[in-house]
Every structure is written in C-alpha cells, then in structure tokens.
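Okay, so chain A shows up in both of these, paired with chain B first and chain C after.
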Partner chain A sequence: MARTIVITSGKGGVGKTTTAAAMAMGLAQRGQRTAVIDFDVGLRNLDLIMGCERRVVYDFANVINGEANLNQALIRDKRCEHLSILPASQTRDKEALTQEGVGQVLDELGKTYDYIVCDSPAGIEHGAVMAMFFADDAVVVTNPEVSSVRDSDRMLGILASKSRRALENDEPIREFLLLTRYSPERVARGEMLGVEDVQEILSLNLLSVIPESMAVLNASNAGNPVILDHESDAGQAYADMVARYLGEERPMHFLEPERKGLFSRFFRG
Partner chain B sequence: MSLTTGVPAKDQPVGDPPASSAPAFELKAAAFIMPVIRLLRLDMDAVEAQLMPKVQQAPAFFQHTPVVIELSALPSEDEEVGFPQLVGLLRGLGMIPVGVRGGGGAQHEAAKAMELAILSDKTKPVKTSVGDDVAPEPAVAAQAIGSPVGVETGSHLIDRPVRSGQRVYAAGGDLTVIAAVNSGAELMADGNIHVYAPLRGRAIAGLRGDTKARIFCSDLQAELVSVAGHYRVSDSIPANLKGCLTQVFLDHDVLRIEPF
Partner chain C sequence: MGLLDYLRSPGGAGKGSASVAKERLQILVAHDRAARDRPSYLPRLQQEILAVIRKYVEVDNDAVSVHYEQEDRHEILELNIVLPDPESRA
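After this line comes the complex of A and B, so read on.
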C-alpha cells in the first residue's frame, strides 16, 4: 500500500512545489517508486519545476473525468526511472477535482507506487482540501515569519479535523515541519524567526531547514529539482529531508551564519 | 447581540451627575446555546405528536426556553412550512421560538411574517436532533455555536495543540488543555478553563453566564479572555502579567486578571 504525502502550507510562495519536486525526486533516487501529483488546477507549476512541461498531453482532470486513463497522463521522468509526474490541468477550474475522483486515482496509483507526493495549492479552499484529504503524512512548509507560521498552524488544524483519517477516526496524519528560505544571518540580526521560535508555536517533528539559496531559483528555471544539485546547500538540505523522512538520523545543517571574509577566516585558523 | 441594560446602582458614586447623562446601557455581543428543532418533515401534526412526550419528560427544561427552528434538513427549500401552526405549538408548550436557520427565500419570508429572526447559516448543522443521546466526542473539532444542547457534555481534556481556527467547547463543564493554544484558536466552556501551556488564543469561560467561572493558565499570552460575557483583549491585559501564572475571574462585575 502506497503512502500518500501532502506538501502543504496554507500560505503561497513558501516553496511547496519546490519541496514536492525535491521530495519526489529524492524518494525515487533511493529506489522508491514514486508519483508526484500537481493539485494546483489552473495554476500548474510542477511540470515546469520538473522540466516536463513540453511532454504534457493529458492531465489529472482528464483522468478524473474519464477522458484519459492514468497511464496516458503519467509522465515518466527522464532522469529517474522510478519517478512519474501527474500534471494539473491548466484550463479547468478547481471544481474539476472531486473527492471521489481523487480517491480513485490515488487508489489506482497505490497499486504500483510506494509513495504518492501531493503538491497542494495555496489557501485552504477546495484544491488544498482535496490534496490533503487522503494523506497519510503531511509536510507543512513554513517560512520563518509570523504570517506563514500562523497559516501553517491553521492548516494543521484542518489536517486534524477534515482529513479522511480524522473523519474515520483513524490514526492521525503524521505531521512534519519543513522550514524553508531560512537565513541564519537574518535570524542572528533578529529580522527573522529562528528555528526555536517556530518550533515553540508549531511543536512538530522538524524534517529539515532549507537555507535561502540562489540554487533554488536556478534549479526551477532549468527544470531540475534542486535536490539534484548536490553541490548546493539547498540540495543537501533537501537530501537530509528525504533521509530523515525515511527514518535516518542526521544532524541539522545550515542553522549557523556562514563565516565570511578574509579576516575572519584568517583569524579562525 | 444582546442589550444588557443598566449599570448597577452601587457603582455610582454619591452626588453623581443627573441620571440622564449617566450611561443607561452597554452594547455587547454574546453567544448563546439554544435548543434547535430540526425539522425532518413538513407534517406539523407529526411534530406535535412526537414533541409532546419529549416536553412532558422534562417540562422545566422547555419552559420559557428560546428555540431555533432548523430548516436545512427538509427535502426542499421551496415547500411551504406551516409556521403559524408550529409557532403556536411551540408557544403552547412553553417555548419561545426566536428564529429559523437554513431554508430558502420563500420560507424566510414566511418566517419573517411570524416575527421570527433569520439566523445565519454559516455553521453547518451538526448531526443530531434535540433529545438524542449522544456520547461525548473528542472535543478537538470545530464545534458550532448554536448546535443542539447536549452534543458535548461534562468536562474535557485536550492533549494536542489547539491550532489557529480550531474551536473547542466543553458544554456544562470544565475544559482542561495541556498543550499550547495558538493564536486564532478559541476555547469555550460553561465552567472553568485551565491551560497548562502557553495560552495565545481566546478563552471564554462561563459561556452560559456562570459568573463564578474562572480561567487559569500557566502562561498568559491570550488574545482575549472572557468570563460570563465580560472580556478583555490582549491590549488591555497588563504587560507585567503576560507570560505569568495567572487566573481570570469576575469580582462584582469587574473582570480581574491576577497572578497567583
């Protein structure tokens, strides 16, 4: 039985799609058969981040409406054979996703995949609720600032009350925190919430801290999930995320400001 | 909304200005719990036949009790509801029908003609009808105000964080929370509220007017605290009490927040 992971946040622009792409690619590279689904109907982005936008023929809404079967719509990744992408529709509105239809697609994917990563749209409306409804695990993507933290808190409340697991009184969704766009320098200057501040409010299992990095933007522009950029700090932090999700213990990185400048390097040595 | 009239006379110092300039009322908002009669059919004779024995079981409970008529469970929004007969029936049994919830435009017009208020239907009706025996449920769930009395009874313990947007209501008892209550969350209890973790959201004790109810918390950072309708928002909570072990209680109609 596949495990369904929702990447969610409430707030927009915090790095959900980047995270979904990295999570899916990371799991697939470790040999897990993984499918990643874009739930952001009308504003699809995942295909761009994954670099498969020119191979989209059918989409998620076509499959739900029975206009295509799942295998026609799934796009096999060229870099990793274990990874498939199910793109969102650019032309439908969000009501195209029905709970019954989403459930059927997830069931069918569950027969052949180990992990299903759901990239949620921003907000707490229909699309976001559909993305999290069937989830087993949730990765709550949060930026270290108050509005993002509060939106994540709100999302956690919805996960705890409106998901399938909550309604059927099943074991609750496993919730994980992922801090993105973290800048230790700005935390040190008091301009940004630190890891402890966020943890004090959300009190969740912290998967990883992704530093603010140019590598993320470059990777998105190139259509390569940033986790493939092994040299970059963000790529390594995402690799840590996947490892910790699968149960490995790894020390947290990128929490301290980088020491820069000739003098400091000189005097440290 | 309710109007509470009159400032207690004892609060007025001797030799006050003429009564006409002293405030005669305060405008306040309050939430009430009311029984809801959820109509499942339009057959008023059947309603009468089935309601009678319920009232006879507990006549005191229904005497002078405001009730809301819920229309959302009816098969159609267009069919005529026999409001005159229903209102007459409820009044005859000692109840005070105050309004309707749910339903459609024509039904609302008919209700207005009977001087019934149209109550907002933002909260989805809760699954039970009045009088059904319902086991207490886990309380971490958005509980609608105005849901039938007795859906949740007794005291409640919450051991998971109460998140922004969540509301927890302990009807007829105390509410104890041993995890953080985050800003944007709301705790309500007919009795006392105890929070053994940071209280950053709202806490409303004595929801049904119990002036002896209190709020106890180990780390006060609340957005709002209220006892029996008397409230204070974060701005008017003294800064030196924030983050302290405190209790909130009513002392002769004055809401006091004190460390202990």
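After this line comes the complex of A and C, so read on.
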C-alpha cells in the first residue's frame, strides 16, 4: 500500500510545487518508488519545475477519461529511476478530476509505488479538495506571514472535515508544518513571525524550515528540484524535511541569522 | 541592528511588527475556528427566535444572541435574549 502525501497551503505562491518536487525527488533518491501528481488543472507547472515539460504527451485527465493508460502518461525522471511524474491537464476544465477517477488512479499507482505526492493547486476549490481527499499525510506549506498562516489554518479545518479519512471516521490525516521563505535575519529584528510563533498558532509537527534562498529560483530556472542542489541552504533544508518525514531525527537548521561582516551589515538591503 | 535599520524602522528602535502580526493572528484564528465548528443552522435559528419574540415584545434586531460551544463530550447552545426595560415598554 502506497502512502499518499498532499502538499497543500490554501494560499498561492508559498512554495507548494517547489516542495512537491523536492519531496518527491528526495523520497525517490532514498530508494522509495515515488510518483508525483500535479493537480493544478489548467495551470500546469510541476513539469517545468521538474524539468520534463517537453516530454509531456498525455496527462492526468487523459488517464481519468480513459484516453491513455497510466503508463503512457507517467514520465520517468531521467535523474532518478524511482521517480515518475504525472502532469496536470493544461486544457480541460477543473471538473475533469472526478473523485472516482482520482481514486482509481491513486489505487493503480499504489500497486507499484511506495509514495504518491499530490501537488495541490492554491485555493480551496475542487482541484485542491481532490488533491487532499485521499491523503494519508499532509504537508501544510506556510510562509511566516499573516495571510498564509490564516489560510493554512483554514486548510487544516478542511483536512479535518472533508477528507476521505474524516468522512469515513478513519484515523485522521497526519499533518505536518513546513515553513518556507523564512528569513532568520528579519525574525531576529522582530519583523517576521518566528518558527515558535507560527507553531504556537497552528500547533503542528514541524518538518523543516526552508530559508528564503536564491537557490530556489536558480533551481526552477533550470528545471532541477532544489533538493538536488546539495550545496544550497534550501536544498539542505529540504533534505532535512525528507529525512524527518521518514522518521529520522535531525536538529533544525537555518534558524539563526548568518554572521555577517561589517560591510554587509551596513549595506544590508 | 545595523545603523540603516535603525534609521529605517518607524519610531527608531523598539518592537517590530511581528508581535502585532502574532497577536492579530491569534485572535483571528480563534475566531475562524469557533465559526468552523458551528452548525450551519445557527443564523436561521437566531432569525426565527427573533421573529417569535417579536410577536410578543418589541425588541431590537440584536436582542437575541446565540453562542455555540463544543467541549469534549457535549455541546452547549446558549441563547441570550435582552428584553427592553419596563419603562420604555409602557
């Protein structure tokens, strides 16, 4: 039985797709057979972040509608043999994802994969509900910023009331917090909510803190999940995320401001 | 804190905006959560109770308040009806 993980947030632009790509690649690199699915119908982007946009032939909606089989639509990652990508449909309307269809695709994937990572679209509409509906685990991606924290809390309410596990009175979804775009310098100056502040409000198990980093844009420019950039702070923080998700204990990194020389201190922008 | 930061922050040094953010969020999230668990019939219930009371007594629109609370093993529905004081009724 595969474990289904939804990467969700409510708010857009907080780093869901970056996180989904990193989570999927990280799990696959540790030998777990992993499939990552883009649920953002009409705004397909996971393929770009994964660097396989020119290999898309069939998509998620084609599979649900029986126009292609799963193996035709799945794109095998060229960097890691354990990883496959199922792209979203770029043309169809959102209703293309029926609950029954999504369930069938997940069941079929579950026969050959250990983990299924679902990249949720922003918002709380149909696509987002479909992405979280069958989840066993949820990674709630949150920026240290008021609207993102509020939306994350809203999303927690939806996970607890509208998911399959909630409706069937099954064991609840395991929920994890992932704090992204974190700036320890600004937290130290009292300009940004700190990890403890966000945790106090959302009271979730913290998976990792991803620092605001140049590496994320560099990675998406090139179509390489940032977790592959082992030298970068964000890459390492994502590697920590995957390790902790799999039960390893690791100290939190990137919570303290970097020590800076006098020059950069003065011209800090 | 760098010199530029000192000059830039409104009112010089002091508490940053993060504490304001946290305070606002705590209130907001508590409010959102309370609303989330409430049964959806509450607003209609409130309207109908108000209509019934108005058959007998002149009361304001906000004279009826409905509070709903959920604890571990039971729910509390609290109705509070403010009647006008007797002098104004006469």
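Couple of notes before you dig in:
The criterion applied here is as follows: the second predicted complex is superposed on the first by the 261 of 269 C-alpha atoms of A that agree within 3 Å, B and C clash if a C-alpha of one lies under 4 Å from a C-alpha of the other, contacts with A are read in each partner's own complex, and residues count from 1 in each chain.
Criterion: a residue touches a chain if its C-beta (ideal position, glycine included) is under 8 Å from a C-beta of that chain, and two chains touch if they have at least 3 such contacts.
Treat the numbers as computed from the prediction; the structure is a model and nothing was measured.
For chain A, the partner touching the most residues, choosing from chain B and chain C, is C. Of the two partner chains placed by the overlay, neither chain B nor chain C lies in contact with A:D137.
Shared-chain residue A:S203: touches chain B; no touch with chain C.
When both complexes are overlaid on chain A, the residue A:G194 reaches chain C alone and has no touch with chain B.
Of the two partner chains placed around the shared chain by superposition, chain B and chain C are both touched by A:D153. Once chain A of one complex is fitted onto chain A of the other, the partner contacts of A:D114 are absent, as it touches neither chain B nor chain C.
Overlap of the chain B and chain C interfaces on chain A: residues 150, 153-154, 157, 161, 200-201. Chain contact summary for the complex, chain A toward chain C: residues 145-146, 149-150, 153-154, 157, 161, 187, 189-194, 197, 200-201, 265-268.
Per the touch definition, chain C reaches chain A in the complex via residues 1-5, 15-19, 21-22, 24-26, 28-29, 32-33, 36.
Those residues of chain A whose C-beta lies close enough to touch chain B in the complex are 150, 153-154, 156-158, 160-161, 200-203.
Listing the residues of chain B that touch chain A in their complex gives 140-142, 160-166, 179-180, 182-185, 198, 200.
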